[in-house]
Amino acid sequence: MGIVLGDNRYGKAETRVVRIVRDSPRHEIRDRNVSTALRGDFVDAHQTGDQAHVLPTDSQKNTVFAYAQEHGGEAAEDYAVTVADRLLEASPYATSAQVRVEEYTWDRIAVGGSEAGHDHSFVRRGTETRTCVVTVEGRGSYRRLHVLSGLADLTVLKSTGSEFQGFLKDRYTTLAEADDRVLATSLTAWWRWRSQFSTGATDGPDWDASYDSVKALLLETFATTYSRALQETLLLMGQAVLRAHPDLAEIRFSAPNKHHFVVDLAAFGMDNPGEVFHADDRPYGLIEAQVRRDDVGDEAVAWRDVPGFC
Amino acid sequence: MGIVLGDNRYGKAETRVVRIVRDSPRHEIRDRNVSTALRGDFVDAHQTGDQAHVLPTDSQKNTVFAYAQEHGGEAAEDYAVTVADRLLEASPYATSAQVRVEEYTWDRIAVGGSEAGHDHSFVRRGTETRTCVVTVEGRGSYRRLHVLSGLADLTVLKSTGSEFQGFLKDRYTTLAEADDRVLATSLTAWWRWRSQFSTGATDGPDWDASYDSVKALLLETFATTYSRALQETLLLMGQAVLRAHPDLAEIRFSAPNKHHFVVDLAAFGMDNPGEVFHADDRPYGLIEAQVRRDDVGDEAVAWRDVPGFC
Amino acid sequence: MGIVLGDNRYGKAETRVVRIVRDSPRHEIRDRNVSTALRGDFVDAHQTGDQAHVLPTDSQKNTVFAYAQEHGGEAAEDYAVTVADRLLEASPYATSAQVRVEEYTWDRIAVGGSEAGHDHSFVRRGTETRTCVVTVEGRGSYRRLHVLSGLADLTVLKSTGSEFQGFLKDRYTTLAEADDRVLATSLTAWWRWRSQFSTGATDGPDWDASYDSVKALLLETFATTYSRALQETLLLMGQAVLRAHPDLAEIRFSAPNKHHFVVDLAAFGMDNPGEVFHADDRPYGLIEAQVRRDDVGDEAVAWRDVPGFC
Amino acid sequence: MGIVLGDNRYGKAETRVVRIVRDSPRHEIRDRNVSTALRGDFVDAHQTGDQAHVLPTDSQKNTVFAYAQEHGGEAAEDYAVTVADRLLEASPYATSAQVRVEEYTWDRIAVGGSEAGHDHSFVRRGTETRTCVVTVEGRGSYRRLHVLSGLADLTVLKSTGSEFQGFLKDRYTTLAEADDRVLATSLTAWWRWRSQFSTGATDGPDWDASYDSVKALLLETFATTYSRALQETLLLMGQAVLRAHPDLAEIRFSAPNKHHFVVDLAAFGMDNPGEVFHADDRPYGLIEAQVRRDDVGDEAVAWRDVPGFC
């Protein structure tokens, strides 16, 4: 019996790179937080301290910046693919590279009533963070590409059209049934692209347009469907996305149920028909679910090291 | 020589109250974080432990909730005034009450291409937090009202139209002059209302409309003026607001200079003409300035306990 | 081809329960953040909105509190097992329950030079958070128990005795070799117990003593071994723990390399022989590794939904 | 009537400087977050964009690092004084300089049962942050020095020996009287040194020893005195400090009352005699108080821009 090194990976997390596209006076901005990680044969680094196989995380950071020059104006997914491929080229002992991107959105500042907005002045939008995780395994003809796109912290609320009743009760159940409640969550979602779109960056879909479409479907489904539970709403949201996007294999959700408790004002002689709520911080319900096509495989590697629901 | 109690205050911080206005099927939402504080004769509570003068902070919290029923649908400033007056009514030993509100903005979810948005489903906007601090001193004919309105964390960026040069140099100065740089800040601003508008909630201005106007002026001035330093930009922003709003006595800014450093790509044989930046977290410049009319007094009490620039 | 519900789970996250053991005047305190999650047959909740299989997360919270009465004074692992078993008892449609605990440590306040510390007054220690994840699958003779113990945010630093050189170089490598550097990390570690100790709470090891021992081994190994890379140090730490603790099957680490950069003071005519450092926030290296016995299986279910390295 | 620039200041916030003292094999570590700010004649920077009076914040950062070489091994207060004096020397248009330090404490890692701990390996303590704010006004014979020392986030809890009753009641009061409760707070305190100790760094007290003494007095008083309210406890703590430290003029506290609510287990047929608590996040009571000698003046400038209670 021995003690051995198991799975391992390393990389540079949270390089904050901002790319200004200034090919014309009307600038574009891409504001990203980029994390890279390599898996492969790094046994010596652990066992003998020999770093000959190890491309420094500092070099990975430099790569993130250098590739932002040529590719940083592209969609996050395309940019991430170029970085991942380059890291595998630079590190012959790596067998896979993962590049994770969080992207922050900026709007043009409105000026003079014009709808176009200012050419080079921006205000950060703040609603949600757009994300992607690109994993490249192998090189050349053995290369496989996995792409997850997603969003984090999309905070939504319904002030009616939600109930929670008919649930299982045990001796510790004190919750009252609710036929009209506030439903609020801060949604994190990941959708996985089918592999036929994963053969190369140039063959890819219009990531930006698909992001806007998925987000709109999530929001509209949340808004327009009655909710008997957050679980039901998540499934409906997932179905709406997969129906509209045949290129997607599955979508996964992590959704904290951000409780809004009706405040009891009876002691003060007041009614409270669903008007005054206490928005509590902790604890919160946490609902996680996957929605998928029944004809696609698992591709666990696409989800490796993805924080949250895996 | 003795050791004595000096200034003191107490209250309930960060009551998270959400008010749904459901008088019609088209709901409104007011999502707030409310903090109250009382000053007055609370010497016994400190010296002998006698609590007879002390209205519990729990009762202050209950007041925040109860008053949300009748007034929570009003503008934050109006609601805060009613809470402050009530706390002074309930606590005869208090000489002043301060109510601070942070308000989070929600947009209606877009559905079916309609511009109106959904009746009862919302997505949190996230750009900035709207704030106010209302201080009431005294009661009846001795009552004085001070109102600050403001915003926090309005994050803006100019990708050109900003320089920083001609500065003082000492032996520790290594910074290069910059004739074209990225300027970014996460703005916190407070504007103080003249006292003639402070005589009562019912006489007040349209707080919501004035908030939108001040925010638009701040954004538009930031966008459309050339910046030789963040200091110059803040003064221009303040002047624009005070010129347009004769009811305001002064405005104060706290603005971190969120550094975006041009990444040196020369080692990789690449130019970087203001395209690839590293957005650094710390340290950051911190610029704070007041802009005021020269014919108004100080009203220090309005700014008492306001975090940041005071 | 259809669109189907995949894996799912739900529970109550972050119930903050504090248990004071006051059987004698010398109180004990157990300060915990408890999260529960159930997996099982919850298809109807998603597909039809029927909640008959769903034990509310509110009931799970109540269970966390109620079981703190009888078991909250025990070690986190023992307490978590009782909660998990109870949830499976209460929820016949659940197939597994996971209970996650973060525990915050308090020291007795020193008084009058006594080493014993005060009987009922405490100061929070703050160094690291103790953690555990208990997963129970099945019931009765089909019951299987998986236990992870761990710690988070144990921040350590070596001011010498660390190098990083001989690494792989590519065209984007600018990092200088370092033969004496500061090595700092904020360690998160999880160690998995062999299954023979997982048959029941009463048969378990002394969790508190083993925690202290593992933590001491991690610290002492970090302190007393020369580091040619953080990878080498992690493997040494893991080996030390597994050698001393035959009951443990494996240990996993996630370790951000918190960079301390030597500040270049040459422009000011000053040397800086490893004395003045800039502690940078982002980006950071992120090193993750598993150390395991070669005769134990994977038990993936023990690691399911564990955030970070999985 | 005109619109004019009012008070203003600028500086570099949160420079993270770590100083390793390696004069012997037994290293020392000083881990600090340093913020600087200048006030003075910076009107042109605001009005015309002329930066000739402005020492860049980047130069202030360089000064923080360069002075860490010679003075960074000294107590935070001494180091801060040298930085403030240097900034006034470098910036002739500045009239005052403020240097704020947050210091994080590291313990030596225990090895081999020795009490001495390791020579160059450390673990971060985490209990509280040590702080100081040094303000220098003027130069040479007009120079005045103000020193605040302090601590932040010292989290303490009493599991008994605390009550809250006999308080004022109004129509919104529902809180029950408590004759035995948990009292917990996360203390921030600032103590101001008398001016006779403020004439220069070399004449100063032993800042490190006084810090340890003040902290011990705060803790011991909290532990050993019965509490009829957090207000009473704060006054007792302040009195204990001022009695033992004649060099101090005053001490100020900001203390959130971190509520621990007894969980009602009666619905489950269980008693809960002060054993199981819910530690709530928000809202929280917030108690702020000053304790001072009656023969010292105000020295408002010492407290200028100090966040929190001012």
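So that you can tell them apart, the chains are marked A, B, C and D in the order they are listed, and the count of residues begins at 1 in each.
Please note the rule applied: contacts are C-beta pairs under 8 Å (C-beta built on N, C-alpha and C of every residue); 3 or more make two chains touch, one makes a residue touch a chain.
These figures come from a predicted structure and were not determined experimentally.
Undergrad: Which rotation angle, from 0 to 180°, best lines up the CA atoms of subunit A with subunit B, given as a multiple of 5?
TA: The C-alpha superposition of subunit A onto subunit B needs 180 degrees.
Undergrad: Over half shared or under half: which fits the residue numbers at the contact of copies subunit C and subunit D, same or different?
TA: same
Undergrad: Looking only at C-beta pairs that count as contacts, which pair of chains has more of them, B-C or B-D?
TA: B-D
Undergrad: Which chain has its C-alpha centroid at the greatest distance from the C-alpha centroid of subunit B?
TA: C
Undergrad: Can you compute the centre-to-centre distance for subunit C and subunit D, using the mean CA position of each chain? Integer Å is fine.
TA: About 31 Å separates the centre of subunit C from that of subunit D.
Undergrad: Find the geometric centre of each of subunit B and subunit C from their Cα atoms only, then give the gap between the two centres in Å, rounded to an integer.
TA: About 39 Å separates the centre of subunit B from that of subunit C.
Undergrad: Determine the centre-to-centre distance between subunit B and subunit D, using the mean Cα coordinates as centres, and give it in whole Å.
TA: The computed centroid separation for subunit B versus subunit D comes out at 24 Å.
Undergrad: Would you give the residues of subunit A that are in contact with at least 2 other chains, written as numbers and ranges?
TA: 15-16, 62, 66, 171-172, 174, 268, 281-282
Undergrad: In the complex formed with subunit C, which residues of subunit A make contact?
TA: 1-16, 33, 35, 37, 42, 45-59, 61-63, 66, 90-91, 93, 164-175, 227-229, 231-232, 234-235, 238-239, 242-243, 250, 252, 256-257, 282-295, 305, 307-310
Undergrad: Touching subunit D in the complex: which residues of subunit A?
TA: Residues 171-172, 174, 267-268, 281-282 of subunit A touch subunit D in their complex.
Undergrad: Can you list the subunit C residues touching subunit D in their complex?
TA: 15-22, 27, 29, 31, 62, 65-66, 68-69, 72, 106, 109-112, 118, 120-128, 154-161, 182, 216, 219-220, 222-224, 260, 263, 265, 268, 270, 272-281
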